[in-house]
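What follows is chain A paired twice: with chain B in the first complex and chain C in the second.
== the complex of A and B ==
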């Protein structure tokens, strides 16, 4: 574990120094602060405007950080040849991949924590009661799981693919992962008569991550409570999905030559 | 003397159109404990490919490589007895010399106190003790090369693999590197050195394998050569090209 931790720490420290990620974080902070400034646009529903815009900002910029970070993780090590001296040590490829992933998760957690604190401050100044709303923080927790899953997809892809390809692939999975309902409908006989197409759509629906499950904005804006069972179920399914994705990444990475 | 490196029919063909490019063909050699063994050849002769196969960074198309009797590709544990300095090494630029060595010590799961002592000794050995807090991004090529040597020795390995260790160094830096290599032999370590600078190899190596277009032409004992290694090398390569 100490080998994985050593790689994770170095990955984390390096990521904190990456200018592009810091710029994305800056945009996120500005966007959350701006939600307070522009809340007058929705007179009478300012708090909903802040909740909606801030949640959207954190989700969007975290997703961006996950893809930018994950896509360059392994290719950068190969291009700079730092991977040679690391894999020449008694470091298994599983340990290397896990270390890179955990370093990425630490980076995401740090960035989301910074955004979360700004979010909290904005809410405290507007309406203290919303700052400690359970649905709001359950939403942030699921957002962490969502971007951790996206990061796993990017890291696993980057184990064998270039940075640009990985970025395109990760964005593609993210956006199609939001269209799960479309694939589900296309897999039913009511909408499609061709059995082959239905099976294909059903297969895509089964293997795609269902990103909308992580989104608690609607109950948050409606003031509804979300059962803890639901939150737990989504977290467990995300952890399983991450495990499967990283296992596939490891299979591909173990075949790779340097 | 026990055999430290052993290759039997080791071959590597890089995949590509038309069946791929053979980079190494049927390499069979053995390196004994305590010797400095040189692998020389022109650029593209298969030196770095051989090193990467020995480290498990590449997988052989045919044949096998063994370090201390074990396959380095399948037995990561054997790499705990090996040190490796790649050509033109590059390390995380945001770390300083001490942090870089600390990172590599962690990869060997070295206890903190032992790592501290080892890092101090190595920084002293490569003359970086006074510049231990200089970030790698601000180091000269010679300094990076010295840190590279130090990281290769962090685990006090029995076998040290060096890829073009004097490449890009000024004459003083190259001389220092030669001295380090000779000192490693005095400590009882086995050194496997890849280089295309024949004069350097001739000065430090006990035996030299000559590679050309991925094929082993000859293994010679340096002190048995009647002329210079360079003359011998040129003669062998020209003969090989005529055939």
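== the complex of A and C ==
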């Protein structure tokens, strides 16, 4: 475990020094602050605009950080040839992969915490009551789970693929995961008559991560409470999915020859 | 060999885990629907929309999860279309916005008003009655769609009631929706008074009085409600009781006497609606028609009178009615 933790810490410190991730974080902060400035776009419902734009900014930029970070983790080690030194020591490939992933999660948590604090400040200045809304923080928690899952997908892919391929693949999975409803509809006889196509669409719908389930923007804007068991179910599904993805990643990584 | 077996076990375990995971995800999808935690966006509907404002930027914003921001941006574009008189583009744009954000109440109410008022007025300027009816119905249908998406919205329910009341003088429908507005948490404060107005124009004087009294119990300083209770009681409450007792001749005489008496100003629509309704109840349809025409000639926007005129003229086999404005000095009573 100490090996995993040591790799995670190193990954975290490396990520903090990466300029591209800091620039993305800067954009996120500017975007959250801009939500206050541009709230006039939604006159009479300024708070709705701030909640909507800020929470989406956190989601969007965290997603970018997860993909950029996850896609370059292992290929960068291979390119710098540091992976040979690490794996030559008593470090298993599973420990290496887990350490990398945990380091990435720590980086994401730090970035989301920074964005969350700015979000909180903007909200406190506009309407204090929203800052302590349970749905808002449940939404942030699910957002952390969402990007952790995306990071797992990126890390697992980067175990065998190049950085550009991993980035394209992770973005593809993210956007298709948001369009799960399309696959669900296409798997019903109402929309498609061909049984083969229907089965394929049904299979894609079944195995794709359903990213919209992590989004609590609507109940937040409507001021509705979210049942705790719902949050629990989404967290469980994310944890299981992360486990499955990392297991597949471990398998691919262990097969890889350097 | 052992590590290979372990790898196979890991793969099989991961793939087997996908089965309960799939069920779990689908169960979460159902919960999401049941607890109204978010409606999935039907992406393919974007291609069906005839909107030039759907740019790559907006589609990108939607795909990135910024649906609300994209809706706000399009709403600004709608505002621009409205002020430049580009009405034909405004409606498809509004359809796009509510697809992105079905809880954008302003889009439902303002677009509904735009259909039932602005587009209605354009058809009216061209003397196109069918066009007016079509735009009115489109406005109402739009608002009803909005209410279906937002069943707790007092604003939309009120707008439906108001559009029935003000645009087409369809008072029973207006009463139904205004009452629905009152069941919500924050109804507009003049809803009760509007219910009183709807009942007096219907006419149902007793219920109108009941609503004005209810308003006065909540807001004793409401001058309109106070004035209405006094005038209704003084002028028509007794006549209405006679109507309810089916003493139509006496009721007719009472309202007629009030209209014939010198008041110093032209009466509003209430006594004309009342006397025309009494004449209809008496079975004197030609006489009723004359009273409805008296009101319709005086008030261009008296849609109830216009509907009754069209219906009665069709029933009596008479040609289409053409409005003749009598001026404000014309006598309040008709030549029987």
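The definition used in the following text is that the second predicted complex is superposed on the first by the 258 of 258 C-alpha atoms of A that agree within 3 Å, B and C clash if a C-alpha of one lies under 4 Å from a C-alpha of the other, contacts with A are read in each partner's own complex, and residues count from 1 in each chain.
One rule holds in what follows: a contact is a pair of C-beta atoms (placed from the backbone, for glycine too) under 8 Å apart; a residue touches a chain by one contact, two chains touch by 3 or more.
Quick caveat: nothing in here was measured; it's all calculated off a predicted structure.
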Contacts of A:80 with chain B and chain C, given as first, second, both or neither: first
Partner chain in contact with A:6 - chain B first, chain C second, else both or neither: first
Partner chain(s) touched by A:236 [first = chain B, second = chain C, both, neither]: second
Partner chain(s) touched by A:90 [first = chain B, second = chain C, both, neither]: first
Of chain C and chain B, partner touching more chain A residues: C
Where chain A meets both chain C and chain B, residue numbers: none
In the complex with chain C, residue positions of chain A that touch it: 41-42, 44-45, 48-49, 52-53, 56, 59-60, 175, 178-182, 184-185, 206-207, 209-210, 212-213, 215-219, 221-222, 224, 226-227, 230, 233-234, 236-237, 240-241, 243-244, 247-248, 250-251, 254-255
Residue numbers on chain A that touch chain B, as the complex places them: 2-3, 5-7, 10, 13-14, 17, 80-82, 84-92, 257-258
Residue ranges of chain C touching chain A (in the complex, touch as defined): 3, 7, 10-11, 13-14, 17-18, 20-22, 24-29, 31-32, 35-44, 63-66, 68-69, 72-73, 75-76, 103, 106
Sites on chain B touched by chain A in the complex: 52, 55-59, 76-80, 82, 84, 86, 88-92, 94-95, 103-104, 106-109, 148, 151, 155, 161
